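The following pair of complexes shares a single chain, subunit A, combined with subunit B in the former and subunit C in the latter.
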Partner chain A sequence: MTTIITKTIAKICLMVDMLYSLDLLLIGGNRPGGGFIGGVLCACGIGLIYVAYGYEDVKKIWNPDWHSWFGYGLLFASITAISPLLAGHNYFRSAFELSPLIVGGFHLGELELVSSMFFDLGVYFVVIGGLLFIVTQVGMDKGKDPEGGK
Partner chain B sequence: MSFLMEHLPILLVAIPLLMAPIMILTRSYPGLQKVLNLVASVGLLALSGLLLSSVWNGGITVYEVGEFGKYGIVLVADLLSASMVGLNCLIGCMGLIYSYDYIESKSLNLTYHSLYNLMLAGINGIFLTGDIFNLFVFFEIMLLSSGALIVANETSSVTKISDKMEATMKYIVLNMLGSNVMLIAVASLYASIGSLNMADIAIKVQILADAGTMPWHMYAIGLLFIIVFGGKAAVFPLHYWLPDVHPTAPSPISAMLSGVIIKIGAYGILRVLFVIFAPLQAVFGPIILMLALITIGLGATSAIGQNDVKRLLAYSSVSQIGYVFMGFGMGAIAYSSGEVTGAVLIIAASFVYLVNHALAKSMLFLTSGGIIHHAGTRDMRKMGGMINSDPAMCVAFLVGAMSIGGVPPMGGFIAKFSLFDAGLRYAFYIPIAIALLFAVFTLFYMFRGWMLMFWGERDPQYGEYSHHKSSLLMVGPIFLLAALVLIFGIFAEPLLEISQTIAAQVIDPQPYIDAVLVRVIR
Partner chain C sequence: MISLEQADFIALIVLVAATAPCIYRVLYGPTLADRIAAEDAMGNALVVIFALYAYQASSIFLMDVAMLLAIISFVGTIVVAKYLDKGEVI
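Up next is the complex of A and B:
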């Protein structure tokens, strides 16, 4: 699997994949997309890197604790959902505001600001953390390395 | 206080959902985790009591999640949901306290606490939601977290990890298939009715029935729901996964699975078939009754030959859930033949049965954990004479066995008595005869197990019992539940009274529908 072609393509794919995943996360409010699907896409990109370079090699450069990504994501989403209670609204109530987007004096359109965006962000991290936690746990070969080990 | 009362239904889901990530992030501080989780679960128990009392005094509470307007997601706490939530919080709290000493500490602080909270959130959500698609979502939360909890390690494990993996695989795969069927059922219901709100669907189905234009596929959807909830509750022919899964899980999780999670199927049948498909009960009643009678017989006859203490209890769960479903079937038949008071009486009796079985069976599973801890094996033939070395477990098991067998003065006696009495009053002679026959079986297998474990002497070839006695944290919850079993047997009137009101609400869903649909939108 880990030929030079796979490695090169995996790197290129990761960049495109991340951008598209962020796009899906940001448009989530009213159009198809959102934290869940964006997170799945992002996890796929990182998973591809794990497959192409091998778990051990990636671990040397970057070894985040995916379990706590899951924890922080869930905490963030949960707090976002609870916070309307403090403002006298019901659980999950989202604030909504349209603000004009002006860059350098040019009016480029309306920017839609919703507080459920933070919830989506939490879900994004839950999905990335959860999926990659499973991928790394399954991929972490605790037994003998079939190639003799490096 | 008014803040608490206003947001009471959602807090029962939101608090465990918030605790789950906190438990992940505090995993390096086991002591803090234990204290926090205990406070949260005792708090949940108090909140569920508050919810029950507020619904009892103030009527059905509707909570609108997210304020999306008329067709948003609602949580509805009627008396049935509130009492099921109370049952869940009680058994959940007891199971949690018990697991502090029972589950191995590494497993406990890495995943157990957070998954346990997610499971409680899922179950509370299932009982409280008023939207049939959300029922499916909460089913998934409950399923995945409880599936992962089955593999948690015990301190003195007698179950091989490969057996646990096999059990989890069975549980997850079969329940995923069940979820798939449920998704199909919900989608077809939405396609034909155009709504997911249970009260709204109930009205529209009633209109179709009154006009005489009920489409044929509504019957098919109803049957799919029977498959889904029957599979969750382990009713024949979908009972076969339960005797493998419940014994392999760690004892507090077995208590949750047998005490609460199989009751979700019973709750679903009450909610979906009696509220949504109320006009079709003449068709579904006999089907449920038939399946329930086969389940009773199959569970009881299989339990007789078991030598593994937890398998015995698991088969007994299969048989006992059959009694609950028998009540539902008889109630539906009575209702469709015009006997409304009879239906109320029978459904009330089966709800009493459900509560008593939940308490007694979760207590018995916790006790079996203590017994396994002490004896180092699950095989009852290798035990014997434990009345001398572990008298506390002996008393607890006896209380549970008496309740499941239906011996006075335990709660199980009241449950069986009121169910059989209500059935006989409305001339269900053959079902009651079958149920009575297998009630004798129940008495036999429960006491056979008790005598095998506690009477006689242990064969010397199996060695001495460990000096490892159950700690106070393990004995406390067992005795609290045992006390409740006894109290519901001696002072049964409050439970009977609540059950009558619940059954009346289930049979006549109009107040439920009014509460959900006729309300002020903020």
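Up next is the complex of A and C:
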């Protein structure tokens, strides 16, 4: 448990982290960003909540299996990588399509749909699951340190 | 009267000079808390350096670097501060 200042700042920082992490995930491919750094930022926000509130208290409210996030993300990225082989294209071939974006009768421009977005999504879940699995496993290991801690 | 680019360059020089005592304190700090405080100050100076250099180089991409560095440096400082206080991280 930490002070009330740390808890309040952690909650504010979590919102900024999640928003910027989704932004980095969505703009990846055209600008600097992508699944990896978005996942690192998301894991930073959730890890900060773990640090500020304590692992045992957060576990009562929300306790996902981070290792299964890792596994499903890896499976998703692998399926995306090998699916062009079924259509006769190369490994990791990415499809690309521009579709018109019309909302309420107004033509707002073109929406860019790429299939590498799914690979980035898989990498996103692999990074979140891997980093938070390590953090929670190391945090649960309360070893007897003779000179560290009170 | 100096222009905005020259003022930006002078600010860059001052901030790079400001990281030098932080590096000294990180290397030769007597306690761990001194090193962490110096590392946090150096991280904040680096964020402003990236933001100023983004204007100098006319590149919007370096602002992403500045924002990421600000968030990750803050999280690292919180984690080490809790380790120094309680002796455990989470």
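As a working rule, the second predicted complex is superposed on the first by the 139 of 150 C-alpha atoms of A that agree within 3 Å, B and C clash if a C-alpha of one lies under 4 Å from a C-alpha of the other, contacts with A are read in each partner's own complex, and residues count from 1 in each chain.
In this text, a contact is a pair of C-beta atoms (placed from the backbone, for glycine too) under 8 Å apart; a residue touches a chain by one contact, two chains touch by 3 or more.
Note that the structure is a prediction, hence the values are computed from the model and not measured.
Visitor: By the touch definition at the top of the document, which applies to A:105: first (subunit B), second (subunit C), both, or neither?
Guide: A:105 contacts neither subunit B nor subunit C.
Visitor: Using the touch definition from the top, say if A:51 reaches subunit B (first), subunit C (second), both or neither.
Guide: second
Visitor: Once the shared chain is lined up, is A:71 touching subunit B (first), subunit C (second), both, or neither of them?
Guide: first
Visitor: Based on the superposed arrangement, let me know which partner A:85 touches: subunit B (first), subunit C (second), both, or neither?
Guide: In the superposition, A:85 contacts subunit B only.
Visitor: Have a look at where A:135 lands relative to subunit B and subunit C in the superposition and call it first, second, both or neither.
Guide: The second partner, subunit C, only.
Visitor: Now for A:41: first (subunit B), second (subunit C), both, or neither, which partner does it touch?
Guide: second
Visitor: Looking at subunit A, does subunit C or subunit B touch more of its residues?
Guide: Per-residue touch count on subunit A favours C.
Visitor: Under the touch definition given earlier, write down the residues of subunit A that touch subunit B in their complex.
Guide: Its residues touching subunit B are 67-68, 70-75, 78-79, 81-82, 85, 89-94.
Visitor: Applying the document's contact rule, which stretches of subunit B touch subunit A when the two form their complex?
Guide: Those in contact with subunit A are residues 3, 7, 10, 14, 17-18, 20-22, 24-25, 63-67, 114, 522.
Visitor: For the complex, give me every residue of subunit A touching subunit C.
Guide: Against subunit C, the touching part of subunit A is residues 2, 6, 10, 13, 16-17, 20, 24, 31-33, 37, 40-41, 44, 47-48, 50-52, 54-55, 135-136, 138-139, 142, 145, 148-150.
Visitor: Using the touch definition up top, name the residues of subunit C that touch subunit A in the complex.
Guide: Answer in residue numbers: 61, 64, 67-68, 71-72, 74-75, 78-79, 82, 85-90.
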